[in-house]
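Each chain carries a letter (A, B, C, D and E) given by its place in the written order, and its residues are counted from 1.
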Amino acid sequence: MTSVKITDLVKDYTLRSGLKRTRLRAVDHVSLELAPGRTVALVGESGSGKSTIAKILTRMERPTSGTVEVLLDDGTPVSNGHYRREVQMVFQDPFASLNPFHSIEHHIARPLKIHGRTKTQDETRKRVLEMLERVNLTPAEAIAPRRPHELSGGQRQRVAIARALAPGAQVLIADEPVSMLDVSIRLGVLNLLGRLQREDRLAVLYITHDLATARHFSDEIVVLYRGRVVERGPSDAVILDPHHDYTKLLALAAPDPERPGRVTSEAAVDRKAIDNSTCYDHFAGEWREAAAGTRTAVRAD
Amino acid sequence: TGCSSGGSGGSGDPSTLIAYTGQAGDYQINFNPFSPTRIGALGTIYESLFFYNKAEVAEPVPLLGTEQAWNEDGTELSVTLREGVEWSDGEAFTADDVAFTFGMIKDNPAINNGGFDGEVVAVDDTHVTFTFAAPAFVKGPDFMSTPIVPEHLWKDVNPAEDVNEEPVGTGAYLLDDFKPQAFTYKSNPDYWGGEPKVKQIRFLALSGNQAGADAIAAGTIDWQTGPIPDIQNTHENFPNYDAYTQWQNQMVLSTCASAEQGCEGPQTDPAVRRALYYAMDRTQLNSLAFMDTASDMSPTFALTPSQDEYVGASIAEPTVPMEPNAAEAASILEGAGWAKGDDGIYAKDGERLSLTVEVVTGWTDYITAVDTIASQAKEAGIEVKAAQSSWNEWTEKKGSGTFQLAIDSLWQGPAPDPYYVYNYFFVSGVPVGETAGNNYSRYANPVVDEAVANLALLSPEDPARQAQFDVIHTEIVRDMPFIPILTGGTTSVWNTAKFTGWPSDDDLYAFPAVWSAWDAAEIFKHLEPAS
Amino acid sequence: MKTAEPVLTVEDLTVVYETEEPITAVKNADLTLHRGEILGLAGESGCGKTTLAYAVNRLHRPPARIASGRITFHGDEGDIDILALEDAGLRAFRWERLSMVFQGAMNALNPVTTVRAQLKDTLLAHRPRMSRKEIRDRSEDVLTRVGVDPRRLASYPHELSGGMRQRVMIAMAMLLEPQIMIMDEPTTALDVVVQRDILREIVRLRDELDFAVIFITHDLPLLLEISDRIAVMLEGEIVELEAADRLYRDARHPYTRKLLGSFPSLSGERGAFIRTGIDETSADETTETAEERA
Amino acid sequence: MSYFLRKIGFYAIALWAALTLNFAIPRMLPGNPVDILLAKLQQRGGAVSPETRKAYALLLGGDDSRPLWTQYWDYLGNMFRGDLGVSVSYYPAPVSEVISQSIPWTVVLVGLSTIIAAVLGVALGAFVGWKPGTWLDSLIPATTLLAAVPYFWLALLLTYLLARVLGWFPMQGGYDVVLTPGWNWEFIASAIQYGFLPALTIVLASIGGWLLGMRNMMVSTLSEDYILTAEAKGLTPRKILRSYASRNAVLPSVAGFALSLGFVVTGSVITEQVFSYPGIGNRLLGAVQNNDYALMQGVFLFITLAVLGANLVVDLLYGVIDPRTRARN
Amino acid sequence: MTNPSTAPAAGDNAELLAEAAAETGRAPRSGWRMLLPTMTPWLAVGLILVGGITLFGLVGPYLVGDPTEIRDQGLTAPTGEFILGTTQTGQDVMAQLAYATRGSLQIGFIVGVLATILSAFFGIYGAYRGRIVDEAFSLFTNVALVIPGLPLVIVISGFVPRESRGLWTIALVLAITSWAGSARVLRAQTLSVRNRDYVAASQVSGERPWRVIVVEILPNLLPVIASQFVFAVISALLGEAGLSFIGLGASNSSTLGTMLFYAQNGFALPLGAWWWFVPPGLVIALFGMGLALINFSIDEIINPKLKNTRLHRKRARRALRLERELARTGRKAPRQAPRKAAPRNEETVR
């Protein structure tokens, strides 16, 4: 079992326009913990830094400061060489995350080979079929030689999940895994993820901007706003009892057919007025300074 | 042809002669007659003392000089100058101008191409005397054709660098107008010989031979010297024009001939050279490579037919054989110890008789000629291969002696006298590695050297010269350091409908080539508008 | 519900893509749009929503063709048979009577001219006699209505954010005050919050100007919230057309029910879905078979 | 503003690269060009003073004893003073003078015919692309044939047919040399008459590329949403074609225009040769044939400068035409 | 081929193509097969031209006689014996054409390969590495792009001693001056492919960089590379012909350009010897045209928007016709029988 501890993560991007350079702080002192068997949902509007966190976790970007530690059961951090085996990712766009040139088998066999999970050709093939079956892609023999475009979006996303799990990953980062899928098949994929998570006691970071699924599929919700965590807590608590203005706004924005006509009745909120300097922590039941992460409590509301 | 709009230069104007020299590209103004990059002025604007007609053995034509006389031993030459000649700016031409011109040349090595090393003294207004340290008979024609420039204008300029934008000369023409695409002369009304009949001469800039041929086809130029298609039928194809060919370039396969001087390869064996000489089918060569414009040649290198009189009776074969003679070639080779191998190629001591001919890329007639020779030589059991390289490379190879054969042509001296050819090409070959002058073959034969040296001491009229020539001929026909091919024709195409008085076999008063400035100037003066 | 005066009737509309194996993207669709109503059109990807919308405006391009049907616009000056319109008539009809906001409206603005120019040429195409000042006033007016600063008229599309572009498109759609506006997934690519703002804008404008809207999306919960009636499409057919609340409470067609079942409810019980709670295995199965079929 | 600064910066670098290339080529290649050059100069009877030798060594990179970078600095200095050395084939004329005589011809011929080809090609391409799938598409194979024809071959065929057989045009030259170049109608008419065939060749040989490029862009553009929007807005087809479709589709062609100048100058080098046209290409060839290295380098430098300049202008212009470029990066 | 500007828009070509294929009901093609263009009349013509000429260049020299053999007959028009007549020196034009075609193809091919390698290196590697490498490479590419090629080639050829100006030298020089345009297009394509999730995914699963480039990125760029290769071959052929024509071509080699050079110097056209002058140029033009037509089909893979128009041309016409018919006969025409929807398994939905 593997857990992840993110501490004070900061990521700055340098933007260049002509000769001018400006810094953009995409992630601002974010701390997070992923534990085996738990799903943490990271919600927030577009550009709030969700994918950036995912990229840092998968080591596609280097953090400007802060640490990401992946700890094994016994508390020892995994070595750099094994990092990729432990932490894997499912991408947002199922159409783009599989190489149209290669067969499904290739996609799953590669990580197996890279991480030395299988030795022989036969073994690899057997593992591939096993993986496909685990993600409900049956008959596996028929699916394996196909190419991505011969599969539907939902099936592709399952392949992507199988690929992520192939190296034996214990930490799974799912960056909006269903937002590109048709409504009718979203639940299937999410349920599959849920099942695998329970079976393998994975630590999952579920990135989304859909509050409803975040609530239903995760244990904890972390709300990100302009790079900072502005609210965190158990899912129900965050959704049903939002404290921060921004979370309230999000909850409001989600459609709710139980209350038709809400759209017009409520006035627009000026988002510029929402500040991101404070964070409400439902676990501790108190406000903190957002940029300082979880350690220092500042002031009560 | 049907081009009513008139072509370049308005060929319609009946008194303007339009000429193309064959030079590619636009003109850059430069009328300095001493500059290697001059574009004109020689002969037309600036005149020399005498004009030497290379095309015929004849007396020099008096221009600014009227008479010349050598002393007995050839160290002093007195020249009488023409009276009453004026520069085109109105100043009088005097002996001082002549003395100045030669003095200037001597002081400026950069323009002293002929290596003039005499002293010139103006005796009076119409007489000058040249004195030399050694007999200089053979140098006469060279410096007698030096352009004379006015002292009053030239004393302050650097003759090596000046471009002389406004030339002032004594010639029959004046510069009228210059553009990079064309420049025009107009007749000099005050010319001492009377104003020429052709009132304007325009030189056009074109991109090369092809363009020249096209211009003839379009009727936009009146005279060019260069190839045109179907040259034999020029008059049928273009009724206004006639083609006329003269022969001056003795085409040869140069060989690196002298093994003593370090040359390597089968061609160092005179037998091989002679065998090649007999292997050639010159009729075929002439028709395939030279459009039948070449003419026969003497293995003695006296121009034929104009210098035939120099060839003594001792030479059995005064002109090259036009048909191949395989039997002769074979007997020569076998006589020298070569034996035919299984592949039909001769060999000696394990060495195949295989030769490489250097040829300049782009010289299509020569390339064709080499290809043709190769197939002819094969019949005779000699393998000949062509190797194309750049002019630089080719020159460099010839100069350093790192070649076997090179197709080439020998040029003539300033006067119609075979002495110059022998002096240029057949004396004192230097070892391979040292830079050869003109004698690429490195042929070094003390007998020839001595005969040529003797010739230099004799006056051109001296009958004793013939003996020396006979010696040279015997030696070089036997050794054949340059294998004679044919004499290359220089073909001019000119508009006979517009102008009359062009040189002809009957009246070959100048060598007809528009690029040969002195000759061209003579021709301009002879021409008359047809109407 | 407003007065049931129809502005648009679509009868028996069939649109076929003449591909090698012809695809009937819209099958015998019947639809009536009433004055001032918001008609939601829902359905999964590829069921023919966009095709239907285009056909209504005759914007479909070969190889699509209308194989049968009749589309009638009930204007103030009488009925217009849209399918019978010739070039000039069709051009006059478009935008004047019926305007559209396209799927991915981000790219619907000409990238090389300013917003002003694009509003202007729309106006001039229909009101050639309009003066400069009138054009400017009108342009500023519509932008203000959708909550975009009129100074943005001088901007090029790339200088606007996605939400702003969407608003500009909506402004453009309102420019001639048409009776019908078709909006094809106008908010799909946007952030939830921005999406909300735009929806609010649309509903408010509809209330103000009383145009009818056909609102296309596959976000059923959203439709339930804003539309008066909802049509559900499945493989080219309109399988259900009901008032929103009726549909929500009492969907008749199994497909509608399945759709409703795919959305977890935000505020309901944990594990509850919009319509019915579906346990994991069966949901899985559902998608499985749906995919098999596809 | 920064877009423009960036562009200018880029061209400064490109210019420097071109200059450096010019400096490096003779030094990188085998052989000693200075010796060849001086041999040539001597052969023509020119004077070779030590200064001349040094100057050429500097220009061409000979066996100069000084360190490379001092040579380089001197070279750059010379270039900025416009001192390109002395032409051998036109000795003693400086290279800059030789080149300046030919510039106007090439600029006018190449410039005009490129513009004509581009405008015509783009217009035709827009037209063909506007109605893809119609008979107009069958124009495409023909244009690809034109585009693949060697310039000079086409030029020769054209002269043969139009000038020699039909006699419609003069075969060679830039104008009737009887006339004095200047801004008078007679001369201009003659220049047009003489320039027609060369221009026609360039236009014919390069129009295909424009047509195809524009057609393809047009087809892609037509499937953009904003075209559909324009149609939905009830705009007339003419308006859509002009302000929406062509306006967007033409952008890559505009960007490619200056680059294509490079290609066309290239083609014109040979075309000029065929037509004895008094342009810069003619000079370049003359220089090559006469081993006039200084002139060769000078012409190359000039052509490069011209192409760079044209690119710069187009780039700056492009920033105006396509508002997006200014925002990018 | 003077307009290098229309860089095709990036797109997930293979995928779109596959979709198109699936749409037409054919079995989807395998990875490599997807990269092949669909057969169209144009492509067929292109393939026939290119194939025919290539075959001629490869096999021709073995079938014809000695191209340098000289015959006394001189310039003769085509006859039964000499299909394309003879040159001034009686050389068989057909034989020369065969050898020259081979020479030209050789140069074209070598340049194509070299230029492709160069452009792939600078375009793909630079874009993949990103940041400073990309900046440097792309600056270098752009500079190389704006420096005009042929004048540079002429200048370089002018400096290179003729002896070392062999086939390879010329090819190298042509390649060095012609890769930049392709590199720029490849860079743009690579940037778009590199940002695609599957590249990120393979990086996340621990693939090594070179493997990511070669296995994940490269295959998706193949159509572009192929198109660039074809373009490079065309321009090499033209460039070589131009160089040879002005006498700066490869020495001691026979190409179509040198053939034209000799034809021109032998006054082929003025003498009316079209059989000598026209065929070499025509072979170049036809080969170029063939390549361009092939390229056109490759372009359709790269930019499927182009394809669709053509693919649907016939259908579009049919649709238009049917619709007009419908309008004429009135919309009261009998309903088209709706196709039966696939039976839906209602059990699975509650």
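What to note about this one:
Here, a contact is a pair of C-beta atoms (placed from the backbone, for glycine too) under 8 Å apart; a residue touches a chain by one contact, two chains touch by 3 or more.
Just so we're on the same page, UniProt names per chain: A = ATP-binding cassette domain-containing protein; C = ABC transporter ATP-binding protein; D = Peptide ABC transporter permease; E = ABC transporter permease.
If you're wondering where the values come from, they're calculated on a predicted model, not measured in any experiment.
Put simply, the chain farthest from chain A by mean CA position is B.
By number of C-beta pairs in contact, chains D-E lead all other pairings. Chain B and chain C have centres, each the mean of its CA atoms, that are 91 Å apart. Separation between the centroids of chain B and chain E (ABC transporter permease), computed from CA atoms only, is 52 Å. Centres computed as Cα averages put chain A at a distance of 44 Å from chain E (ABC transporter permease). Multi-chain contact residues of chain B (touching two or more other chains) are listed as 214, 217, 392. Chain E (ABC transporter permease) has residues 161, 247, 264, 270, 312, 316-317 in contact with two or more other chains. Residue numbers of chain D whose C-beta contacts span two or more other chains: 164, 273, 285, 289, 291. Contact residues of chain B toward chain D in the complex are 1-10, 13, 24-26, 28-30, 34-37, 108-111, 113, 160-161, 163, 177, 179-182, 202, 204-208, 211, 214-215, 217-218, 220, 391-392. By the touch criterion given at the top, residues 58-60, 84-85, 88-89, 91-93, 95-103, 110-111, 114-115, 147-150, 160, 163-164, 166-167 of chain A touch chain E (ABC transporter permease) in their complex. Contact residues on chain E (ABC transporter permease) toward chain A in their complex (touch as defined above): 12, 14-15, 18-19, 22, 28, 30-31, 34, 196-207, 215-216, 219-220.
Every residue of chain D that touches chain E (ABC transporter permease) in the complex is listed here, in rising order: 10-11, 13-14, 17-18, 21, 25-26, 29-31, 33, 117, 121, 132-133, 137, 140-141, 144-145, 147-154, 156-157, 160, 164, 205-206, 208-210, 212-214, 216-217, 219-220, 223, 252-253, 255-260, 262-267, 269-270, 273, 284-285, 287-289, 291, 293, 296-297, 299-300, 303-304, 307-308, 311. Residue ranges on chain A touching chain C, taken from their complex, read 45-46, 136, 152, 154-155, 182-189, 191-192, 194-195, 209-213, 215-216, 235-236, 239-240, 249-264, 266, 268, 271.
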